[in-house]
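As written, the chains take the letters A, B, C and D, and residue 1 is the first residue of each chain.
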Amino acid sequence: MILRDPVHGLVSFETPELSIVVELLQCPELQRLRRIRQLGLTSFAYPGADHTRFAHALGSAHVMTRFIARLQGLHDALPYWQRITTERTRDAVAAALLHDIGHGPFSHLFEEALPAGPKHEVWTTRIILDPSSSVHRTLVRHDPALPQRVAQLILGDHPLQFLAHTVSGMFDVDRCDYLLRDAHATGVSYGSFDLDWLLRSLRLGFAESTDASPPLAIDGDKGLPAIESFVLARLFMFQQVYFHKASRAAEWMLSRILIRLRQLLLDGDRTEAVPAALRSLLCTEEAALGDYLKLDDGALWGGIAQWAEHKDAILSDLCRRLYNRNLFKTYELFGPGRTAEAYETLLHIARDLAQQKGLDPEMYVGLDHATDVPFEDEKDSLRVIFPNGLSQAPADVSFVLRRLRGEKLERIRLIYPPEIRNELLGKASEQCL
Amino acid sequence: MILRDPVHGLVSFETPELSIVVELLQCPELQRLRRIRQLGLTSFAYPGADHTRFAHALGSAHVMTRFIARLQGLHDALPYWQRITTERTRDAVAAALLHDIGHGPFSHLFEEALPAGPKHEVWTTRIILDPSSSVHRTLVRHDPALPQRVAQLILGDHPLQFLAHTVSGMFDVDRCDYLLRDAHATGVSYGSFDLDWLLRSLRLGFAESTDASPPLAIDGDKGLPAIESFVLARLFMFQQVYFHKASRAAEWMLSRILIRLRQLLLDGDRTEAVPAALRSLLCTEEAALGDYLKLDDGALWGGIAQWAEHKDAILSDLCRRLYNRNLFKTYELFGPGRTAEAYETLLHIARDLAQQKGLDPEMYVGLDHATDVPFEDEKDSLRVIFPNGLSQAPADVSFVLRRLRGEKLERIRLIYPPEIRNELLGKASEQCL
Amino acid sequence: MILRDPVHGLVSFETPELSIVVELLQCPELQRLRRIRQLGLTSFAYPGADHTRFAHALGSAHVMTRFIARLQGLHDALPYWQRITTERTRDAVAAALLHDIGHGPFSHLFEEALPAGPKHEVWTTRIILDPSSSVHRTLVRHDPALPQRVAQLILGDHPLQFLAHTVSGMFDVDRCDYLLRDAHATGVSYGSFDLDWLLRSLRLGFAESTDASPPLAIDGDKGLPAIESFVLARLFMFQQVYFHKASRAAEWMLSRILIRLRQLLLDGDRTEAVPAALRSLLCTEEAALGDYLKLDDGALWGGIAQWAEHKDAILSDLCRRLYNRNLFKTYELFGPGRTAEAYETLLHIARDLAQQKGLDPEMYVGLDHATDVPFEDEKDSLRVIFPNGLSQAPADVSFVLRRLRGEKLERIRLIYPPEIRNELLGKASEQCL
Amino acid sequence: MILRDPVHGLVSFETPELSIVVELLQCPELQRLRRIRQLGLTSFAYPGADHTRFAHALGSAHVMTRFIARLQGLHDALPYWQRITTERTRDAVAAALLHDIGHGPFSHLFEEALPAGPKHEVWTTRIILDPSSSVHRTLVRHDPALPQRVAQLILGDHPLQFLAHTVSGMFDVDRCDYLLRDAHATGVSYGSFDLDWLLRSLRLGFAESTDASPPLAIDGDKGLPAIESFVLARLFMFQQVYFHKASRAAEWMLSRILIRLRQLLLDGDRTEAVPAALRSLLCTEEAALGDYLKLDDGALWGGIAQWAEHKDAILSDLCRRLYNRNLFKTYELFGPGRTAEAYETLLHIARDLAQQKGLDPEMYVGLDHATDVPFEDEKDSLRVIFPNGLSQAPADVSFVLRRLRGEKLERIRLIYPPEIRNELLGKASEQCL
């Protein structure tokens, strides 16, 4: 198989050990990812952000073939049992392709709006291990133990530490693909980094003992700026895209819709157009796998389109707004006045104003906290090594990373309906907020 | 309004005459375009081709602002009544934004699968002229005659010839945006061309009489290679993307699904999940505007998902295949053996083989004709002018275009199910096809 | 060795068969190419066109490593004697690196200004075969027959037809690199094409007999647009860059300078700052290799700087103009009036005007003919093959190339000094030129 | 004037206030910049880094036109005397074009090798103020006070603080152009940043008093990531390019050549091919302007080529090595062992080894210190402002910049000849260095 990808250019899976990619791509569980946007509601803020989980899965598998090629160029120094065999290649590429297969509609957003339900990682494991899934049957055809092995690998569990970290680590195929892909689709160039150079700088570090496998490492002489810019690319994408105020507001609205829908369902309302899995998740916090696999963005948008006619005024209003992109507004504090108390004050003011307009304060006003730690020096996830045998943590040798280690990025925003905008800004100004 | 577009970079609509863009973007009819992919089923062939009609509409409006800026830099030489006023700017940008608003699910594909129904241009006009549409009401707020004027302009009808041709002509905002956007999303770099240089080379030609407006023109000294590469970009996109075998096969399958569905509906079958507009279009070749506006890609995919369980074996089989991307194969002839007779022979062989496998020959085997004329020297759509006052048609001065003028690009392919592949290739080889 | 190239990204020569690149790069004859601009005086027209022959040589060697990797992926079907051995890899990469080593200052320009002297290909052969050159000694260290073999290969002479054509053919490493590099440096994006896809579409064609080697070929199914856009890229670069009026005018001026200098030297003038090789070439049409290797752009500019003070009024005036970029103007005819007679008339008018201003008509006015055939279907240089075994010439299957085959691109311009511009334009207009 | 720039695309200077650019470009002092590479000897490390000061000057003038356009879009709120008039536009663009006109051969390198001579800023001022320069005469034709005003502006001195800071400040046209240009030419993508977005985020801050002009500012809501990535781009370019070991080694060699040449000249040696300005600078630390303007890269390379035959063994050896790129090696310490003492030990070891090989220790071995402070929060050079009127220093609101403020980047390397490499590495390893 050979195809064109807008991010990586020419992508091919042609050798025998990569044939598993072609087979897995024929599974309905993977084709479902074509109907799930990678960035949820972000296209409300960035009109090009319509790329799908499917393209990301393919891209991750492609990046894995590049990691493998590089690691094979390095593995001659390893004991035999630590080398990248054709079986390990197959396993790693399958894991890369399947690592996100459990995502629901709108990706992360869906699980965040249903905090009590299973996370996407759980669904991923279920899909791979369930004997009825097409993915499972495809894996088993290669090796009965393969589903279990791939599921473990996705969780970062593998005898070869460095291989596990290519699937799940500080510098893994998931991040490599999504940063470049999200940057390409949004037009936010800051998300780019030099993948060629990073891969070329990849090394194997020093094993802690003779029966341990070595960690992933970067050549300190050539690779440091590459890994720095990789970390910074991720930081920028969080600041610019993943924490964008319009998509955060849309996401908050979606979560209110699901909360309201749940209330109605628990109250015995016979709302229509609720996909079985969603109904079950809302009412019982669980769902059958077969039902879950019928969920996709279109199914949820179809529901929202119908609930916009619902007799419950709150549900229908929220659905109508979201469907037609009439988004709530946000208000953020900067400078010395940016305190938790100030936000609480803002929240009270806004909720009062909403109530005065006849809007349910809980469903129309809230605080949105977005946080991320752009760079944590996870133990042994990636080392930096030097010609003379020195091995260091990235933060110990990098000018930039040393200054970012463990630092938390945090954005807090008041979310409120446009109807109260003028009064809110007036009162905020009065109180010097 | 200011936003990031992956194709054009920073896009802004901030001056008073562009405020109409911001208002129109709030109309549900425009928001619907977020749910319609620009290239229909092409993402089956190019996994990045998930961009929407919405992004294209925005991009076209942006390109129009650039055309206008350029034309205003040139219009001092014109009589007053031919200059680009703020009203004309507003009209042109609205036309650019709305030019494709009538598209149904999967864009062109939908109307091609329903050849007897209204074309998307008809729906575009209806949406703009219908007093109940939000788009109409927004236009009327500016000027009661605006809906009519914008609808005319989209059809290429305007007192200023050069302005009409920016909306619909050889070098118009639609093509400028879709070529760049489709190239960006598919990763097919051939679709790129130098928009900056083309705009900078834009001129106004010589009016035929004092009461006529001048045609659009290109500076012969600087702009010729730019317009040549624009034409060639389009040719390449047809060859590489729009005529790609996998998407043509998928499109053919979708048309069979709709044909079969129509048969079933006309036979009185009570198929579920058929959106009202689709049902009406299939049975009566017409639909109510309100129903039509509820159609989008998700609605059609939702139907296909359900019809995959339909009791009609043909409908459910075709739907299952398309839903899970089990596409039909294609066979194309090259070289001296590429004759109409050879294709007819192939068709008969394949239909026989299908029949032997118990597959309906009409619904499982067919010939697909794709044709385009990459470059027609449309009268006065674009002129090439020289410092000394010479005005020529592009094909008369261009080394490349002279050799392409009026030439037809044509791809014919047999479409058939994978089940008969081996037998078909065997028989084709026997017959030297 | 690993380095960054702005065109190809990461470039590396690390395997044993590529060590010859690292060794050759240390030769003074190759380092000299750092001091010769790839595009002569083109930076007068495109301020970014300062890239050197050295970068092009490196890039060509890199592209050759990519051709080799691709051909090795295809060569299993060949008889043993036709495969790409490590020796052939080394030979081909050396040939790619050295193919232009004989260029003089300002690249092609220098030999065009000295039509009776040896061409750069002759100097290339001399450098490789001369036992005193560092390049020769480096090659001999690998194999005493290597200089001869590399020199032959550069001329397109090798037992393996397909390998010869990667060095010198319709689709060779030289063109692959210079088109991309010149496009990158000038900012003329039309010169780009999709090298990745072209290489991936590369095939071996069908040998004419069992003891013949196969020709280079392109996969007709996937590669046709790629080779079309490659040919068109070259056409565009000729139109936009290589035939640019300002650089053509500058080149014409340089040729006049050398003509005048030759007259003076032959008349016994003791002009200073004439590099030995140049003096010898001007007076005897030959030069010693050691002297030739001391020529570079800086040496010629140094001479021009000094001749700008020469007592001969014509030489000093021309040198002063060129040194400070006071270029001659050009006048070109378009449309039906573009005839040989019209150009002759123009030439006479301009020469008369120059004479009236006291300027030597031969040294200040002339006609510049620039011609190229963008696409010739050279026999067997590249074939297009199809899955069913059909083999065709590109022009026989390509929509675009069929229409360009053998067509000649021609630009003729009058070159004249700015002093006579107004009178010339006036008279041209009078005569409707 | 309209031209193509590989960095900025289409560049034009067509309005009357920009005509000064076209006039200045005709001055020999500007044309000289075509013969001076922007990055000195960096093309020894990055083979694409052959771009010139001329392209950078043009690019800076272009970026200034973009700053001006943006500031004019903002200046309505200012009192009349603070607005950007056509005169101020002309002055600012002239300053941008001329800001680096005083550079000598190999740019910064030349003045670093001659620490006692005038800096390039001094030469810039001299060229502008000297009545005999063509630049001066061109400026005076516009306004007798213009040379003085432009010279002041280049030094960052202007009644309008914000205008001064576009020429010389944290975010100025010089940096904007050189970062993008150096990134483009070297292929080091980290040097890119989003100029469009940065300019769009540009604001005017709050003036300290009614008779003060406002500072340059960035919109805190939209522009923060843009300015962060601008600062980081510069940091990356220092790490990757400006501090590259091969170019630092080459630069150190050039400085030794000039030191040696100076010794010889002061000792009365009659070395040939020493340009008058260089001879004068070496012997007297001054030079006549006319002589200085004859210096360029070619003149210095011409000298080096000849000194390679000099009878002084040290001078000729160093020149031969540099001319043919036989560069000295570098050795750098990392990790906890990186102390000043360790470097001193290394230096002594290496000098001893050099002496044993008969090489002058001072001329063949040294320590190279490269330092830069990537981000200093210069007072008022750039502010960050928020919708509610808050004005902050970038480091006070930026997650990244807060952590970089005032931090010093430092690279120290031992520079030594390849002859002693093995012994040196052996001894360093013995001493755990």
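Before moving on, here are some points about what is shown:
Here is the rule we use: contacts are C-beta pairs under 8 Å (C-beta built on N, C-alpha and C of every residue); 3 or more make two chains touch, one makes a residue touch a chain.
All values reported here derive from a predicted model rather than from experimental measurement.
Seen from the C-alpha centroid of chain C, the farthest chain centroid is that of A. Checking A-D, C-D or B-D against A-C, more than half of the residue-numbered contact pairs recur only at B-D. Our note on geometry: chain B versus chain C, Cα centroid distance of 42 Å, whole angstroms. Work out the mean CA point of chain B and of chain D, and you get 50 Å between them. Between the Cα centres of chain A and chain B there is a gap of 33 Å. Multi-chain contact residues, meaning those touching two or more other chains, occur in chain B at positions 4, 9. Within the complex formed with chain A, the residues of chain B that make contact are 3-7, 9, 26, 28, 31, 34-35, 37, 43, 45-48, 50-52, 54-55, 58, 184-188, 294, 296-299, 301-302, 305, 323-326. Contact residues of chain A toward chain C in the complex are 2, 4, 9-10, 12, 196-197, 200, 222.
Residues 189-190, 192, 194, 220, 224-225, 228-229, 232, 235-236, 239-240, 334-335, 386, 388, 390, 392, 396-397, 399-400, 403-404, 407, 409, 429 of chain B touch chain C in their complex.
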